[in-house]
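Dropping the structures in below, format is structure tokens.
Each of the next two complexes has subunit A plus one other chain: subunit B in the first, subunit C in the second.
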Partner chain A sequence: MATGDPADAVTDPVLRESLTSSAAVGLTGVLQVIGDPGGTVYLSGGEIIGIKTPGAPSLEVLVLKSGRVPEDGWEAAFSAAAAGTTMSAELITRGLIGAGELEALLRTAVADALFVLACGYVDQCRPEPGPVSVLLPLDPPAEAAWLLAEAERRMNALAAIPGLTGYQRARVQPAPGVVPADLILGGGRDELLALANGRRTPRDLAFALGRGVYATTLELGRMQHEGLLVTTSHRAPPSSLATPQASTAPASTAPASTAPAKTVRAEPAPATSEPANSEPVADHEPAEPAAASEPAPPAEATNGDRPGGHGLTRRRRGRHGDDAGADMSMLLRLLRPRSSGD
Partner chain B sequence: MSSLEDSLRRILAVEGVRSAALIDLATGMVVQSAGDEPAALPAIADSLAQEARAAAAAQGPQQPGGGLDEIALNTAGRLQLTKVLDARRPGEGLLLFVDVDRTHANPALATLRIGQAAPSVLA
Partner chain C sequence: MADDSLLNEMQELRDRVTGITGAAVASRDGLIIKADVDDVNPDNLAALAAAWLGVAQRMASEAGQGLLREAVTRSSGGYVAIYAVGRTAVLLLTGDEGLDIGRLHRESRSSVENIEAVLASAPATPGIFRQLG
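And then the complex of A and B:
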């Protein structure tokens, strides 16, 4: 188990072995990663075409929250893709994103998701051969060994930041009196300072800003090292890890009639399969494409000690709590000039 | 072949270019690479990303001269160009790193040609 502590900067051995063996046998199907946050790795021919985890923002969250793709454009592409074309093709042909840019973003999103899985808690990994359906598959796929090496590089980079411990669960806030209200830091730090309220973890901030978890954690670590931020507390670890219900969903549960997805034929599916789960996640479950643009709630607000459980349950627009509504107002003020071109 | 790999191969077609890589500025990750890439490319990429962040920070938060566009490093035998692509948000974006053999190219001409080809990498 990797804990996110500097002394433990190696990828989880269970995950490593499972991914390595899945790659060796050329698995086409999913690898259910049961743990905290847990998730689902989608493989085609032993290579990774997508990862879904409540611990890291999906591509949809990244492009919508960053304003890179307008929400109405995404929804239009999604609706058009439901008619039979691929989501990737729709986004590109509509001029919403370049082909190279999309590939780069997908690759960075997958690397971020694997980093989150690798430094989380992994109870077990369960390969499930079968057809794979991913809304925006990484094409060409990524090699498991490359992603594992990248995850380890990231963990080592974080471990090298003095004083950064338990970063996954660390709640941060601005150091008192250090940053004057009218000072502009630049480099994306102002947005982090504005949202670091002592209750949010790096993951929460990553979701709120539409950034990768590693990039967010790295910047928070640097800011903490420079005395701009302080850790107020650490979110409690999960007391029990019963089922992977929140982070996993069999690929077969994707609504084939509405989900524009790449389907890869595979080895025969096993006789038994994971019970169906309705947890919607951006890259795989397109039922509510707009909802992913909302900030993820702080883990403790929705899920107590198990943020990997229902912490990222997507909600419909307009159903923010008071705290989330205030956060959204702040975010809109911060992001409007860039996203609207004002 | 991926779209990115295809794009980087067009960069490789510029005379004197030994290798090209696309690097994520926020993480230092090598997103894609092509050509005769050095073995230590992941470490180089991480350093380049830090270098680009430091150079951007040196401009100050208001960046009166505009955002960082390019970093050029010249040695006796090499020209190493790092161009900023897609910097829509501060601290984020993609870097195009190109390693040019100065003994096989005119550095100024190579810089020009790479600059002309760079915008199409993400298209």
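And then the complex of A and C:
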């Protein structure tokens, strides 16, 4: 619970361990973060060059939604980059963005994405050594330790705002009596207030406006504290995570495909030194203060049902699992005339 | 009431999948049954969804790929996906650029089944449904 005690806000331990060990062994490849929102961390030599997650806007969203880079310019740069150059070089040589600003924005986007992963729910992390392809790699890359420290700093900053709870899933709307059209708040707050219609979470607002999730959440927290906004409802966790034993996806034909909760999967490759089953951590979602009103944490629910499976840690979502999503992503990547930034 | 059940199903799906911005259920002849959307015209969505579903099913059949599971468009500003709901309706979902498409595929199946059950239990007259304000 984020009770205002900054010491309570800590990064998910599974993510921390996996990222730290990936850095220690100098992993080049990806770290698949399975959870909610989950995502993919791209590493080169143990350092992070990009993160893709549904929970945080990519650089493409940041620059296009905010109007920093015009869409036709982005498309032209992408088409040119597909012919052999790099997207970064195309954006810079076309004068769409400066090299320094691009690097700063990429670093911001990566830090924001790791913050989102860190305060989300992490089921397991799976290192996958191999070649890495990122549309806009962060150069120079970011150190895992710095990103983890930065995520923690951000979580602590949010935990220090009184009354800001469950912000990952909260939907916000103007407080009773607050009419957005009647106010001029400045500082980017008017846009937030105008879009906060009770349907959007901080993450949704960040995507809609092309801003970072942390910055958006921080501002929303302050506005809530000042009585401008209220929380209307909370998103429910995905059913596959909340009630894994009752998942709609069949448990697959392979008996070994059921997995114990919250493990750092040991790969044959020397990508991690973690054991196959790390100790499940009950308090895995410390920055989810609304947990009291939400279903039991998935780790606990699953631990009771699936005590076994040592050394057989697999993804548990059966044939409709992440493989299907990954294949779809690959297909989209191959077919698409244009790409989203990573 | 069927009306509320449909809305609940759509909102639950929106809750479960990161990045869904709106949902609508339309009849196969292109009339809106229930919409939970923001800033888009649900009547236009319904008409297009019904036409699109027909074309997509024909395409899947023509390509010899069996039953259509979903059809998806991806644009610079996000996604639109449609799912056949039985033989009478279509579920349409809109999502932003960050839509978790893998999770959408997993989570949408149960929603489609539930929506189909709700529609099957309701009288066949579309007029009983009221579009969400």
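The criterion applied here is as follows: the second predicted complex is superposed on the first by the 230 of 342 C-alpha atoms of A that agree within 3 Å, B and C clash if a C-alpha of one lies under 4 Å from a C-alpha of the other, contacts with A are read in each partner's own complex, and residues count from 1 in each chain.
Here is the rule we go by: a contact is a pair of C-beta atoms (placed from the backbone, for glycine too) under 8 Å apart; a residue touches a chain by one contact, two chains touch by 3 or more.
As the structure is a computational prediction, the values presented were derived from the model and not from experiment.
By the touch criterion defined above, A:A111 reaches subunit B but does not reach subunit C.
Contact with subunit C, but none with subunit B, is seen for A:S58 once the two complexes are overlaid on the shared chain. In the superposed model, A:A83 makes contact with neither subunit B nor subunit C. When the shared chain is aligned, no partner comes close enough to touch A:A181: not subunit B, not subunit C.
In the superposition on chain A, A:R203 makes contact with subunit C only, while subunit B stays out of contact range.
Contacts of A:S66 after superposition on the shared chain: subunit B is touched, whereas subunit C is not. Taken together, the two complexes place residues 338 of subunit A in contact with subunit B and also with subunit C.
Those residues of subunit A lying in contact with subunit C across their complex are 36-38, 53-58, 60-61, 64, 71, 75, 197, 199, 203-204, 207-208, 235-240, 248-249, 317, 320-322, 324-326, 328-329, 332, 336, 338, 340.
By the touch criterion given at the top, residues 1-4, 7, 22, 24, 26-29, 31-32, 42, 46, 53, 56-57, 60-63, 86, 88-92, 94, 121-123 of subunit B touch subunit A in their complex. Listed in rising order, the residues of subunit C touching subunit A in the complex are 12, 14-19, 21, 38, 74, 76, 96-103, 105-107, 109-110.
Across the complex, subunit A meets subunit B through its residues 66-68, 98-104, 107-108, 111-112, 139-140, 149-150, 153-154, 157, 184-189, 211-212, 214-215, 218-219, 338.
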